[in-house]
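Reading through the structure tokens given below for one structure.
Which chain is which? They are A, B, C, D, E and F, in the order written, and residues in each are numbered from 1.
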Amino acid sequence: MTYQPLDSGAFPRFAGPSTFMRLPQARPDQVDIALVGIPFDGGTTNRPGARHGPREIRNQSSLVRRVHHVTGISPFDRVRVGDCGDVLASPLDPAKAIETIAEFFADVRKAGARPLAVGGDHLVTLPILRGITTSPVGVIHFDAHSDTYDSFFGNRYNHGTPFRRAIEEGLIDPKRMIQIGIRGAISDAQNYDFAREAGIRIVFIEEFMQRGVGAVMEEARNIVGSGPTYVSFDIDVLDPSFAPGTGTPEIGGISTREAQEMIRMLAGLDIVGADLVEVSPLLDSSGVTALTGATLLFELLCAITG
Amino acid sequence: MTYQPLDSGAFPRFAGPSTFMRLPQARPDQVDIALVGIPFDGGTTNRPGARHGPREIRNQSSLVRRVHHVTGISPFDRVRVGDCGDVLASPLDPAKAIETIAEFFADVRKAGARPLAVGGDHLVTLPILRGITTSPVGVIHFDAHSDTYDSFFGNRYNHGTPFRRAIEEGLIDPKRMIQIGIRGAISDAQNYDFAREAGIRIVFIEEFMQRGVGAVMEEARNIVGSGPTYVSFDIDVLDPSFAPGTGTPEIGGISTREAQEMIRMLAGLDIVGADLVEVSPLLDSSGVTALTGATLLFELLCAITG
Amino acid sequence: MTYQPLDSGAFPRFAGPSTFMRLPQARPDQVDIALVGIPFDGGTTNRPGARHGPREIRNQSSLVRRVHHVTGISPFDRVRVGDCGDVLASPLDPAKAIETIAEFFADVRKAGARPLAVGGDHLVTLPILRGITTSPVGVIHFDAHSDTYDSFFGNRYNHGTPFRRAIEEGLIDPKRMIQIGIRGAISDAQNYDFAREAGIRIVFIEEFMQRGVGAVMEEARNIVGSGPTYVSFDIDVLDPSFAPGTGTPEIGGISTREAQEMIRMLAGLDIVGADLVEVSPLLDSSGVTALTGATLLFELLCAITG
Amino acid sequence: MTYQPLDSGAFPRFAGPSTFMRLPQARPDQVDIALVGIPFDGGTTNRPGARHGPREIRNQSSLVRRVHHVTGISPFDRVRVGDCGDVLASPLDPAKAIETIAEFFADVRKAGARPLAVGGDHLVTLPILRGITTSPVGVIHFDAHSDTYDSFFGNRYNHGTPFRRAIEEGLIDPKRMIQIGIRGAISDAQNYDFAREAGIRIVFIEEFMQRGVGAVMEEARNIVGSGPTYVSFDIDVLDPSFAPGTGTPEIGGISTREAQEMIRMLAGLDIVGADLVEVSPLLDSSGVTALTGATLLFELLCAITG
Amino acid sequence: MTYQPLDSGAFPRFAGPSTFMRLPQARPDQVDIALVGIPFDGGTTNRPGARHGPREIRNQSSLVRRVHHVTGISPFDRVRVGDCGDVLASPLDPAKAIETIAEFFADVRKAGARPLAVGGDHLVTLPILRGITTSPVGVIHFDAHSDTYDSFFGNRYNHGTPFRRAIEEGLIDPKRMIQIGIRGAISDAQNYDFAREAGIRIVFIEEFMQRGVGAVMEEARNIVGSGPTYVSFDIDVLDPSFAPGTGTPEIGGISTREAQEMIRMLAGLDIVGADLVEVSPLLDSSGVTALTGATLLFELLCAITG
Amino acid sequence: MTYQPLDSGAFPRFAGPSTFMRLPQARPDQVDIALVGIPFDGGTTNRPGARHGPREIRNQSSLVRRVHHVTGISPFDRVRVGDCGDVLASPLDPAKAIETIAEFFADVRKAGARPLAVGGDHLVTLPILRGITTSPVGVIHFDAHSDTYDSFFGNRYNHGTPFRRAIEEGLIDPKRMIQIGIRGAISDAQNYDFAREAGIRIVFIEEFMQRGVGAVMEEARNIVGSGPTYVSFDIDVLDPSFAPGTGTPEIGGISTREAQEMIRMLAGLDIVGADLVEVSPLLDSSGVTALTGATLLFELLCAITG
């Protein structure tokens, strides 16, 4: 079996099975990098629909190609990458869904594959980390929101809380965590206190704009160092002009140019897993958000394997 | 205080507060009929978004007017009708949300008002009935689906199960229940067995088309008789050409003409409450489904008070 | 010069100038039937946008062909038909616009052409009648609304009042007028009093459904008789499932099948002019309402010349 | 291997691979009925996009279930049905694409499977017939257009000509062919002459409306008799209110109710193959046309195997 | 009474009344800052729909939160802010509407509140100024267009003329006025002559790009000085990628990042009122323009009260 | 005859014939610059629809005005510019269409006009060059893709190959060619080899971002020098946030600001023709891509005549 995308010079992009990047379907034990969909949005506090993210990102990823144009390297020539399907997380029972997701990713880890996961809402990062980490990892987190809140509507497990829970559970080393692109009004002036007190480095959009991609990413690399690191990319770190199809857009975000540059600067880190979350096709009539997600997934794949 | 819609000859329809039918906001104890939104879709097994139904139906209900053109009667001249706001049901915790909804409607009942509820997904009918019934009620149920399944993904409380649970809990007298418009492929040949064995009268779309509105509704009136009766209207009973904005559309449905005729034939029954559910604005780019929902809500109001 | 549509077997429908039915541009004195756009919606009380109707109906009319499939006759083989352009009515000054429109149609009349006008909102019917009538005409009026109200926001000239003004001005003989398809809640029980007292025959949708197209149109033909007759077709007489792109949709309307049958039964009457109004492209993302308008325009043309 | 759809009570409909009706991928020699996509629209004279039909119909077919609600029978319990993938027809070279399609279906025939094909534009019917017929077949053809024209832009192989070419090539017995739902203006009064002279029975929409589904389908069954019969369903036979997402919509069409009834009356015929064509997702923002196509595909499957 | 937004940790954002920023409804005399909708687009020369702006901005403002993330300050903790409803301006009679608006804002002034108005088209700025100014004010005007034209279609009161009229009427001191972001082709080379001769400082987009936000805003602050200043923000100053939902988009505009920075630099000025205009929901299918408008409204509120 | 756009102060932009920039229709021998539509997308390998580009760009060009705001100059005051209609290229026969297009542009050349063409997909550049060049021209090519591939699906004439064919045919001098904005993953590491070996200067987006508009365009001007030069602008050089409506979008592209600056720096070159291609209205629900295309067309016109 060969783990190469369908050749778009022979197989039209609109034809054939709709898998991530037109890759073969595979089991985790058959690949080095496992592309996994998590069609779950039961942690969403406002506009739902991220459960439809994996399917639409698969569709749009038919536009992605094999070789990175900057490096001239194809990740598919270096490692085995396959579409390992979707986690079957119940939309009706968030608590149970969290367990199902954690078990799936524990199996991915046992199979020896590194996961590149596609949400779903941001709550999925918590069970992914439960599944793949054995000791606290560093985290590079791209997002408009800190997602270190304590609860919504009295509920502690939702897409505004995954990083707080993960820190409390010892899955993340907050001293080795950085958040980039944070912005937008907050409910209370205390909203960032937990993150700050835990030691997370928060780079607000204003600082990001002032210092630029290079300086920020150099700092990010220093913060996570050479230890095991997880990358979490919430599509709403992008400005809504680039990614309108998401549940909690915040104006004044980063550009896809900037996102691409930053992801490329992840190369060489010890990335144990990554996710791309919060693409919501019901809010994305043009499909451009899913296309952006698919393209950044390819960039993440190149960075992880680069 | 007067419970009349804003006069659209003086207040442009696009101006002013967005309430149901441009009515005043009110507490249940101030009105005879309480219009209540239930922005909850935590029971949805496939495409979410009905949580946004109440807001968009309020918006579109600005097109509704005061007097029914067939009867020449305005419900607002007969009873006090107000917009009693939304139930604050947590989207993150379906079990808790069910309780919250039941308590809200128990309060409506205690306040002496009859509820006309706007979903939300169909699971909301269960807690409404818990809140307002003291003994088993009859039910006239318009829907493409029987919603008497036992469970999805191992979960017993979702938008495919409310009527089974309600019968099991003694909230509905299945001998006084009729389902109209049922259609569409099913998962198993046994899917209607519970409903049939419980004694529910199922009128499939094929029978409906053959016999016509008049005969079917005459039978419906006979089945529920003079006892207390609940009306549940799932917008997906309509053909998707009339109501595309819903999570589980089934082709070959009824027309709005037929729906209007049927609702008008409810007049004179002892209707203790009613709901209109499953309008999903994220799937309704033209807004026509919400407009249809708003107009049928007015028809229901006229029938209840007629 | 030949007044034939471009041949779609040679000129792709997506190519070439966008005129009504792909006809040549012409002056009224060059044709027998003048297709005229009236891009004006300054009489709209709620959702605007009908000003964009003529352009989009022209675009969609590229799908229309030459020969009626029932009669086997082409109107273009019988009379000269041309696209006489748009009336330049100011959107900023409704009173002046009414005058501009009336003058344009007076010129059409003087040029010896019969107008087939495309709105624009329904207010345009008033100045058309001012322009083309010399004595009171009969009217066959397809609409969801009677449009015989007295005023909105204190204003007497808007899309809810044209027929009342026209009767008051002696442009219409109300005894020779019929309204078909009227429906929807009204602001006051007195809303139809003016129409009834003037002698207009109102066929509500309920009567229409009961009696059927044939009986209603036979009556319509008797009412207008052999005298000069105007036909006004408001696209909202159609159900929103057929014509979502209009400012004041009312559910429970007629079908395009029924509309086509009715228009075909106009053949043989002395039709001095006709209009098709209230197509609003901003509300018509699929373009189906404009396509429907364009097709019914062709049906009207066949009926007028049949 | 078992040829059953994924169980939607365990696998959420928005999760898992996107195949026709959630069936396993299979080779033609593994199944009795081969579901095949033909993502080709190189024969389209006006609005393109049907090349995207198979993918979107697969997506929407996740809403289809196992058992027909009228018969209580599941086709999947009677025969082996699989998703046999897409024909890789070049969009750049229509002539070559026709050959590729014909070869694919010849292979399906040799493998012993009956094809149920999903277009693509209507030109695909010609190569399907080339691939599967050994002697002239009867045809039941649902469409707004006769598709028996001779050429467009001087080209004889396009979506307006497949049935003329097929008759000329001896693939169809025109005496055993019926066209149902034909309507819409035509370019020339002679447009139906070929079909009539060849002996095709044309049921225009007006006759269809007058006689009804039962009488028309009884005649259809008599015309094709007990010989091998092909069924071709162009989605534009449906009214645009039911199927807006198609390249050449014609108002005044049939309803999905009528289509379902007619397809059910195909049961018992010797159907050697069938297609459903002209769904164009770029024109179908709500997805309802693809959903309708998917549901009718299930009805066709039940009829073929019933 | 407390003037705080609903707490989105307790009240889901999709629930509850749709007011600006989820604030209480209030009378002008109850608040310090009056949020006022002006659903009027009777001054629009091309694509209408801004009359629907206030309602949709209210809807989208449910995504706004309490505390500015840069300053850590909530305006709601400093002043009383309420939703003071909509001005009931007739869409049918622009001249009368102008008077109605002026009277409304005169009342706001008399009540002692500062207005933050939401259009509507840009014509509304003229009557706002009539209502709130007693002597000529300075103006900081963000826009793609100068809006100092003399007339359209012979009409002097429309959305292309408010600032010329206001200067002529002595409402604005043109020497204390700056326009930022001006761009796009013009009808005549003389189009900016009035503005230049009056002494308005025009910063074209090219100069803006060269000098940057800081320098331009420093100049703006110097121009208006410490005197009473009005801020007018036309959403079309933004690039259409950020704000597609407006009637007269011009490519090559400013970003939301730049807009936010500029608005923040208004803090400390003596702002007597502000508006945000030209959001047109019918052209904004994703809602992102209204969301942007709502977010900038919050930024304006913070700047005014900062 | 005067070649000026309709005056939008007298003729509303939504009224009147839809021609490029509201110019008169003209024959090539009547003008200096011929605006020509090429509604052809038969060279499209993935998502079709660019055949609808010319019509929609005409519609949106009603927003364009007469005088460039930077130079204060109107191209219409310097040269005669007219809308010379559409090339009637068959969508069914790409080989024949290429010939038809070449002949059309040869006629434009013979008539003495310079063409400014509107696609259509990028394949159209090949026959344009065949029609207008007598010896190899220089080319400034704005695009995300090099379009110097050899073939797709075995076909050598499609929208990925025009520049390779043109070089092979001696229509372009590759030493005088520059490509700006290239980016996105590629199928093979060898994809740029032909371009590089032929001597084309490729400016990838990363280099573009680093060096900036000024430096890149200075180099471009040096490369083409004073010889005859063709300009080809593929709308997908823009980031999808600015131009979502195109068949092969690539994230991380240039902005409209940058595009405008670059086009302005073309002034003074010996431009013998230009095109703007790949606008696909079916993918452009907001119309913003067509508007952008129309505005850049005006910029190109100003640069050519400046």
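Convention: contacts are C-beta pairs under 8 Å (C-beta built on N, C-alpha and C of every residue); 3 or more make two chains touch, one makes a residue touch a chain.
Computed from a predicted structure; not experimentally measured.
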{"item": "Angle (degrees, nearest 5) of the CA superposition of chain B onto chain C", "value": "120"}
{"item": "Maximum centroid distance from chain D, chain identifier (CA atoms)", "value": "E"}
{"item": "Chain whose average C-alpha position is farthest from chain A's own", "value": "C"}
{"item": "Inter-chain centre distance, chain C versus chain F - centres from mean C-alpha coordinates, in Å", "value": "41"}
{"item": "Distance from the mean Cα position of chain D to that of chain C, given in whole angstrom", "value": "37"}
{"item": "Chain C: positions in contact with at least two other chains", "value": "10, 12, 14, 45, 47, 51-52, 90-91, 152-153, 239, 241, 283, 285"}
{"item": "Interchain contacts, given as pairs of chains that touch", "value": "A-B, A-D, A-E, A-F, B-C, B-D, B-E, C-D, C-E, C-F, D-F, E-F"}
{"item": "For the chain C and chain D complex, residues of the former touching the latter", "value": "7-10, 12-14, 63-70, 72-74, 239, 241-242, 255-257, 260, 285-286, 288, 291-292, 295-296, 298"}
{"item": "Touching residues (chain side chain A, partner chain E) in the complex", "value": "45-47, 151-153, 182-189, 191, 204-206, 209, 239-241, 244-245, 248-252, 283-285"}
{"item": "Chain E partner contacts - residues on chain B that touch it in the complex", "value": "10-12, 14-19, 25, 37, 39, 51-52, 54-55, 58-59, 85-91, 285"}
{"item": "Complex contacts: residues of chain B adjacent to chain A", "value": "41-45, 47-49, 51-52, 90-94, 96, 152-155, 157-158, 282-283, 285"}
